[in-house]
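Each chain gets a letter, A, B, C and D, in the order it is written, and its residues are counted from 1.
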Amino acid sequence: MKSIIADLIADNGADLHHLIYSDDDYKHLSESLIGATEETTTGATRLRESIKCSDFPTFSINDTLTKRIVENRFGVGSSVVDGIMRATNVMLHGKRIVVIGYGYCGAGVAQRLRGMGAHVTVVERDALTRLEAHLEGFRTSLLEDCLSTAEIVITVTGYDNILRKEHFEKMQSGTIIANAGHFATEIDVAVLSDLSESKREIRQEITEYILPSNRRIFLVSNGNLVNLAAGDGNPIEIMDLGLALQSLSLKLLVEDGTSFKNGVQPVPRDVEQYVAQHAVKHWIE
Amino acid sequence: MKSIIADLIADNGADLHHLIYSDDDYKHLSESLIGATEETTTGATRLRESIKCSDFPTFSINDTLTKRIVENRFGVGSSVVDGIMRATNVMLHGKRIVVIGYGYCGAGVAQRLRGMGAHVTVVERDALTRLEAHLEGFRTSLLEDCLSTAEIVITVTGYDNILRKEHFEKMQSGTIIANAGHFATEIDVAVLSDLSESKREIRQEITEYILPSNRRIFLVSNGNLVNLAAGDGNPIEIMDLGLALQSLSLKLLVEDGTSFKNGVQPVPRDVEQYVAQHAVKHWIE
Amino acid sequence: MKSIIADLIADNGADLHHLIYSDDDYKHLSESLIGATEETTTGATRLRESIKCSDFPTFSINDTLTKRIVENRFGVGSSVVDGIMRATNVMLHGKRIVVIGYGYCGAGVAQRLRGMGAHVTVVERDALTRLEAHLEGFRTSLLEDCLSTAEIVITVTGYDNILRKEHFEKMQSGTIIANAGHFATEIDVAVLSDLSESKREIRQEITEYILPSNRRIFLVSNGNLVNLAAGDGNPIEIMDLGLALQSLSLKLLVEDGTSFKNGVQPVPRDVEQYVAQHAVKHWIE
Amino acid sequence: MKSIIADLIADNGADLHHLIYSDDDYKHLSESLIGATEETTTGATRLRESIKCSDFPTFSINDTLTKRIVENRFGVGSSVVDGIMRATNVMLHGKRIVVIGYGYCGAGVAQRLRGMGAHVTVVERDALTRLEAHLEGFRTSLLEDCLSTAEIVITVTGYDNILRKEHFEKMQSGTIIANAGHFATEIDVAVLSDLSESKREIRQEITEYILPSNRRIFLVSNGNLVNLAAGDGNPIEIMDLGLALQSLSLKLLVEDGTSFKNGVQPVPRDVEQYVAQHAVKHWIE
């Protein structure tokens, strides 16, 4: 194989970083690279925790406040509403919806569902964050106390197996469950399947699980991210913003790469400000 | 007494109409009057049900959609929030507030309290109106089911003795109760007093009733209309609107009085439109 | 043809009523029918204005407050948001959206779009209704004053040719236009086509019209009702409600048909109350 | 003077810290003190920038997320609405209000005013923060572009002389101006006075400044903090929270004071969590 030559990496999920540190054909890049960007949270975590890349600077796009606010709070908030409506065609007005997790994404989801007339209850373990949700006007509750009256339950936590056996057992017949967290692991689908006597796809993206006593639970998109699986993914405006952060970060590395320490690090504040200023100019003014 | 001469009456509470039909000194006016206006609901009801005035046209200002929307929904909505905040200085965010009645006034009160971050539960007997509140995003409940967790209870029904013995007995200690309905009769204060071992004014406009077992209920403004008693009454913008309706109605009577039937009747739609157009012109454009 | 025998009609669009009064084969039914229901506004209008049916009672389902609130305000409000999101995949947050018309449907659309973070401007000719929108927190404007900065324009008026030549000429390049009114006639598509140098479908349900100077206007669903064309139509909850009104109306006709006058008329209030009570029972309690 | 003995200081505005470093009678305390708390932002800034206290640990209460969210966003948000309503008795619905500054306090103020039906425009210099306000549904603008149509202008920036000569000159007659920022210096009252031909108090807390051509500007509470000057200050719930943070910080210092570095520092996260958990327990569960 001919030797690859590269000055910059625009990575997504840290797969290219991984290649460099695991495949001899790419190893030499660790020395020649000026720097890199990594788009995702997952990638940033891999870089920090397993790859431990430290030979060149890597800017973590997802850690920017810009992305957290624009993409996580507002983008995910509305695309989850979109995904749920497309997948289920249920009326959100007046529906009792439990949102588990009140981080940037969860807060966005809760806010938009309320904006559609739903009765949202927030479940959040961190006391201060729960207090914030409460003062923001949301009912808050322990998960076990609100499951039996919920009509829709959405996980947005970033943790595995948030909905488990004991939760499926408490849900009333007809409950719709969906995941809007980072991975398809927040709902324990295997256990739901074990508990069920049968299952069938009753509408695109909706699987009906029939539990004993004919109790039915409707799983959206097999527990995959509802906004991506049942919707169209991120709107173009949000992609614009992420790509602007990425390309300006790479430009800065070319122009001034030696002034940054090696390893994963935040996007420089100037780059964020520049992108935000352009968003203000083109979206607002 | 010298004989009173009058062409028009601008009445408030139907007291002048009452005089004409009950006092010989004013009787002759029933023949000479071109017409009248009546500002209040109470007055319109008296005219319809007891005075049965039918010798000249009387326009009922309070029946206009203009007044219902501008004064009842928006005006009362915000002045009740104002009154409650002034009287109690409690933080409305996250407070569990029960609003009894979801007419124009009640809907306005519920909407504004939600706008301040409160957790509002609506109690409404009419099924269709309750359905509307539910779809608007409000929890709805029977009164008996939400009293024991309420922190503030507000009556806005137009009926007497909405809060009675059985309700006071269910309230938790510390509950604040207030009335925003038409009369000071929606809370049965006499019964609350009987149930109590003592009472004292603990802050201007707030009376603390101490019930057995040291359970305390805080009554705002002795059950009088909280927006008037604890606040400043209607903002000038709302007075403007009512007075415009009144004076234009009188002008129309002078110019074209004979074209109206006698008795209580709605303000002609042209007058309402004219006032609304001027409000649009001066408030908006 | 064998003679048709029927006791009741559940009509939709007044087509069956039309047959009876225009086709000799069905004429005899006008004498034998106990009564009928008509589901749509269009049908009720046909019955009142052209068919002038007066041989049996016909209950107009669409005139019920239940349908107006549940379907028009809440149902249409959310399904328009759904349709727009599916068709365009644009981010609604911060978008400058003009909603033309603030009746039950338009108010619902404006409310939901605001709930999704959009910057909504309402255009409404009736002064009192405009005042209501203004006090509800919406910017209001004349159409000609807000078109040049709008990013999305939605018609919800019930009238023809609301968006015409002079409006297309004022829109900035990139404006998205959609119709959520009763018929596909609110946007004058023929004129838009005439003004354009070319057009092409750039995404399912989106046609790009390219006007001189490369100015582009994006028409959603060819001007058809965006919630039906680009979405899934009414949620099942709303169909439930309409069908309940219909079937209970027919039941009442069978049981007590002779007590109603002939011709189009509102659904009796008892039927509405009964349906609302059941909705409260099954959706809320 | 007899020598003061003290183990702990609960300071407010850093006045006690200042005494220790400026007055020989208190100097000895710098050695005997276990530690201190400082309640305010002002105090924390003095400690960091001028007093440079470094002989014992001082926990800065105001830097806690608890206080920022509960007091600044929610507490100030609603008390400013309260203060404005009490001082002016104007109807907030439909009012064009400019909020300058979108930090924790400004965002809270903007949110609550919108909750009351006002048409809020946010002015914010930081591009990312402005973008956030925009996506949250607020119109955003440069100050010079929105002043001429504003009906109420509120400063919440933390900076001096935000409203200056050029701004007063742009305001329309009748504009109400108020300050909700940290100090009474955000509105340049001296300049407003110079520009005016006369002034008079027209209502408690409202001064009318009459400028040439009879243009009038209404200043609320002489530019002092409108929530404190025209309202009742912080609700008891918020005082509870601040005092809990203070007393638990002092307790921790007594129990474990030597484990903290000297100088101003954040309240330990455990203390915040503990207070938040208790707020959740007593306010919510």
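One rule holds for everything that comes next: a residue touches a chain if its C-beta (ideal position, glycine included) is under 8 Å from a C-beta of that chain, and two chains touch if they have at least 3 such contacts.
In this text the structure is predicted, and so the values were computed from the model without any measurement.
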Touch-network distance, subunit B to subunit D, counted in steps: 1
Between A-B and A-C, the pair with more C-beta contacts: A-C
Between subunit C and subunit A, distance of the C-alpha-averaged centres to the nearest whole Å: 36
CA centroid of subunit A to CA centroid of subunit B, Å: 48
Of all residues in subunit D, the ones touching two or more other chains: 74, 93-94, 114, 117, 134-135, 283-284
Residues of subunit C that touch subunit B when the two form their complex: 65-66, 69-70, 73-74, 127-128, 130-132, 134-135, 140, 272-273, 276-277, 279-280, 283-284
Residues of subunit B touching subunit A in the complex: 93-94, 114, 117-119, 134-137, 139
Residue ranges of subunit D in contact with subunit B within the complex: 74-75, 78, 81-82, 85-86, 89-94, 112, 114-117, 231-232, 235-238, 283-284
